[in-house]
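Listed below are the structures to be examined.
Across the two complexes that follow, subunit A remains constant while its partner is subunit B and subsequently subunit C.
So, the complex of A and B:
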């Protein structure tokens, strides 16, 4: 407030100095990070995720087994000293494949959220800021997509991919697109709501009174305030996308072999013998999905507490 | 109030039309159909069949025909089962409904009990344990939980049946039949209750915490009322208000059938039919069912809004 008054009286240099000092003293981001660091559960989750990403990235290089190397003499072996998580029906090392699958599943989850944020954030912010016809059109589209049941919709689109005979390498990109298609409406709705309420706040009135340009008001004042919500929703979105990818791949409609993903590795559980006698084939990927998703959710919850204590569900 | 409902009913029309168009074109533009899938047919016979089912007409024409049938309550004709879609759904819907209703009652009860009790002791050990359990429930992949339950309770311990609704070849009647179905329901119900109670418990806890901070609760305490009365009569009533909306949103879930759970436990419900129809490309069934769910979602939303407006007069004014 002080900076605003000083600026009004033309003491721009003074105002900027003060603003700089204030930012240094308690920048909202630094405050938030400090709050997050105090949340032990969230920090443990973040640490776990960092380790997991590191393990998936460099782990396969330290493995004596190659991802797709088959071994006809070592088929369906239980966990042992040489194969820590056993081998599958082609004699491939399950642990190495698990790490490779982790790369795919994490990438698909993350990339699809980046996509849905790009679409959902842009449309949501536009709808909230412009209002009128744009708002109506965007919200109608979002409502429509939210009306349709999401799992059946995913399954249909996955089936279309199978029908079009998309090659497996190329297919994971389309799976990302499909997942983001399901994800963006929720995000657009939330961001629109946030923009609508921010627009009515006093500080936005102040920027108008000060005669700032539309661009500056939008990018320097309105949109930065939506970032906390965006971070939280996007984090939780990654968890959701990983789960959805797992469902699709488990049903054989998402990422398909030979590309490994946690979901399609669990596909082995569909065979009765593997399911009953060889739990090392399907339990590790299941646990990996579970651990990753719960860690992301805990981190997201910690972020929500840290970024805005009032933003509870 | 009547104007509010009328306005919302009118708003349903474009949404329904849009949903029907999206659903129809999604399926119509998917390459391949029921006839193409059968490679045993000769060229002439498959053309004949396509003409019979109207698959050779232009897409727009087919959409209008379908829409016209819908207005008469005709969802189409199942190609795979050779019976009307409505009849097919009627056969399986109630199995799903039985499962979902049991799950709904159990998990609402559970969530309310746990959510409220943990809100009364915020940040205690119990509360933290509940929070962790809630996150675990929200993060479990459905199929993994189902597989674990089957592995432990049905395969290893052999306490409960692996799947299905009745034992194979069973001809039990009356009470014995009910008991058998109940036994088969234990595992799927357990899986679904565990998964669904997560987010609801969280919601109940947040809502109750908020209600406990209300002025009327403080007044009630200041009047010297018993703690029990304060919680049950004053706080709980306010906490339940926003939850009524959620109950309306449960409507589609009661009939949609849990696709993955039903498939894994081999439960003869609509979720199971859904996957089967997809494999056979029985599009009339899929279109009819998806539209049915979309309608239920819209009606559920409307119901939620009306219920909320009914209990909270502040909403109606807007």
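So, the complex of A and C:
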């Protein structure tokens, strides 16, 4: 199957070469995606992630068990034909909860990255392009946030949230906001650096010589050049956010029960009996985090190689 | 009337090491439809003059002192930024040395060509695209529709320079600044680009400020020449007169140091010494230290640019002495 696809690919490429390069004028982004499509490891990772998302989205609908349905007669059962990954201390089906937790963890990861990208990208681009006071203010704020040790900060924030008796459903959103608050300075710094260097490039001088407006120069000419970096950083950021959510929830500061998340499901490993005797409780969420983060990082690596071979560290 | 006049332009940059006098008392003018060549080695102030004209010098790092640049009778230095922007790309256009880096890698050729048309001619994107294809054909590139959809990395340097020229002439400017337009290109392509520029100039009655270090390019294209050295114009005159009868020792040195095909020399003539440090220019003639015709007071007094005959000016005591 794979060889068939590859052969099809090879033939199409040869055909394109015969037709002449210009017959298929591709934008740099489209070409990068084609390079990515040839990276098997990255494609496997992407496939895995797509399956995971699909499973988390539609899986629970096919489960005979409800996410929060308890069963006093079936507590702490090992995996069996009816409960594929066993049940927990309330008799809830672990697999169903794992998939529901996947929804939460992936959503938190994604949403917090979207949020931190929105903030970090805007501020970074503005700082780099405008310079002067704006640059100073943004970088000061970013430095300030980066000097704060994140774990104590998270623990304090988690404690405050618990003290304020924020309802569990609502707390997820606050977790996203906190995570994005921690995440944006790194992105802002990267984007600022790139905007600073792009601003001095000849083609930006050329747009000035053509008498284009500042807005057009920024949005049409400069920012599209930062998209590759943005894609790579955002992808890697999702993995980071998922990990952070896991820390937080594991420590009981992020997503709190009964809302399931991969992090708070692993919380059971804190109990010695569960850790020694009931690996089905904490192994699946742990593996899920592990595999997801690895897959995202592989995809991110692949994207980086495809978008800009020179960006390799 | 003169289209462009530089009147005693001086530009200085304040740096940490001191003040760099990049351009001093530079005066020249370009009539409508005329090509003025500005020659000199790197760092002599050619490009700074052009950037001052476009209003693109970084301020306040660059100080422009006691001078005026007039374009079509208007003083560009006093013009508000907004009006200057409307002039750029519309009435004054510029092409660069490195076409590869002067085009945006993520936009297609057509998209980039549309930009000035949309900005200055207020064309709709669709009309601009059609115009862009016409411009690509105009600068002698085959298959314009395909090229418009191509991206810079897919074209050769010569093609890209043609695209840059197409972009520059898109709004039919009255003045084209060509800053080393052929330096980064292969010799065979250079000739083609020069031919294209000559053709466009004839058809569009476009004046040109041709900045180069290559006397061959000047001979091909320019009507008049200004030779610059260490931030000053040292000799100025019609191209034929200047090539036949160079009066400044620096101009003579430049002409002598060109390789001439067919003439075999053991060594190519070179001007000995180096350009003076722009941070500490000598009080007298900046060329004195390298000058074969140096006189006793050359290093103390600076010769002014004086008229020799009809349109030939030179800043040199030795040359004055000969003509007097």
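The rule is short, and it goes like this: the second predicted complex is superposed on the first by the 289 of 313 C-alpha atoms of A that agree within 3 Å, B and C clash if a C-alpha of one lies under 4 Å from a C-alpha of the other, contacts with A are read in each partner's own complex, and residues count from 1 in each chain.
Note that in this section a contact is a pair of C-beta atoms (placed from the backbone, for glycine too) under 8 Å apart; a residue touches a chain by one contact, two chains touch by 3 or more.
Keep in mind that what you see is a predicted model, and the values were worked out from it rather than measured.
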Subunit A: partner with more touched residues, subunit B or subunit C: B
Partner chain(s) touched by A:246 [first = subunit B, second = subunit C, both, neither]: first
Which superposed partner A:301 touches (first subunit B, second subunit C, both, neither): first
Partner chain(s) touched by A:212 [first = subunit B, second = subunit C, both, neither]: second
Which of subunit B and subunit C A:143 touches, first, second, both or neither: first
Partner chain in contact with A:156 - subunit B first, subunit C second, else both or neither: first
Touched partner set for A:286, first subunit B, second subunit C, both or neither: first
Which of subunit B and subunit C A:28 touches, first, second, both or neither: second
Of all residues in subunit B, those that touch subunit A in their complex: 14-15, 18-19, 22-23, 26-27, 30-32, 132, 135-136, 138-144, 147-148, 150-151, 155, 202-203, 206, 252, 256, 259-260, 274-275, 278, 286, 289-290, 293-294, 297-298
Subunit A residues touching subunit B - in the complex, by the definition given at the top: 41, 140, 143-144, 147-149, 151-153, 155-156, 159-160, 163-164, 239, 243, 246-247, 250-251, 266, 269, 275-276, 279, 282, 286-287, 289-290, 293-294, 297-298, 301, 312-313
Subunit C-touching residues of subunit A, taken from the complex the two chains share: 21-23, 25-29, 201-203, 205-213, 216, 220-221, 224-225, 227
Residues on subunit C engaged by subunit A in the complex (per definition of touch): 54, 56, 85-90, 93-94, 96, 98, 101-108, 115-116, 119-120, 143, 146-147, 149-151, 153-154, 164, 167
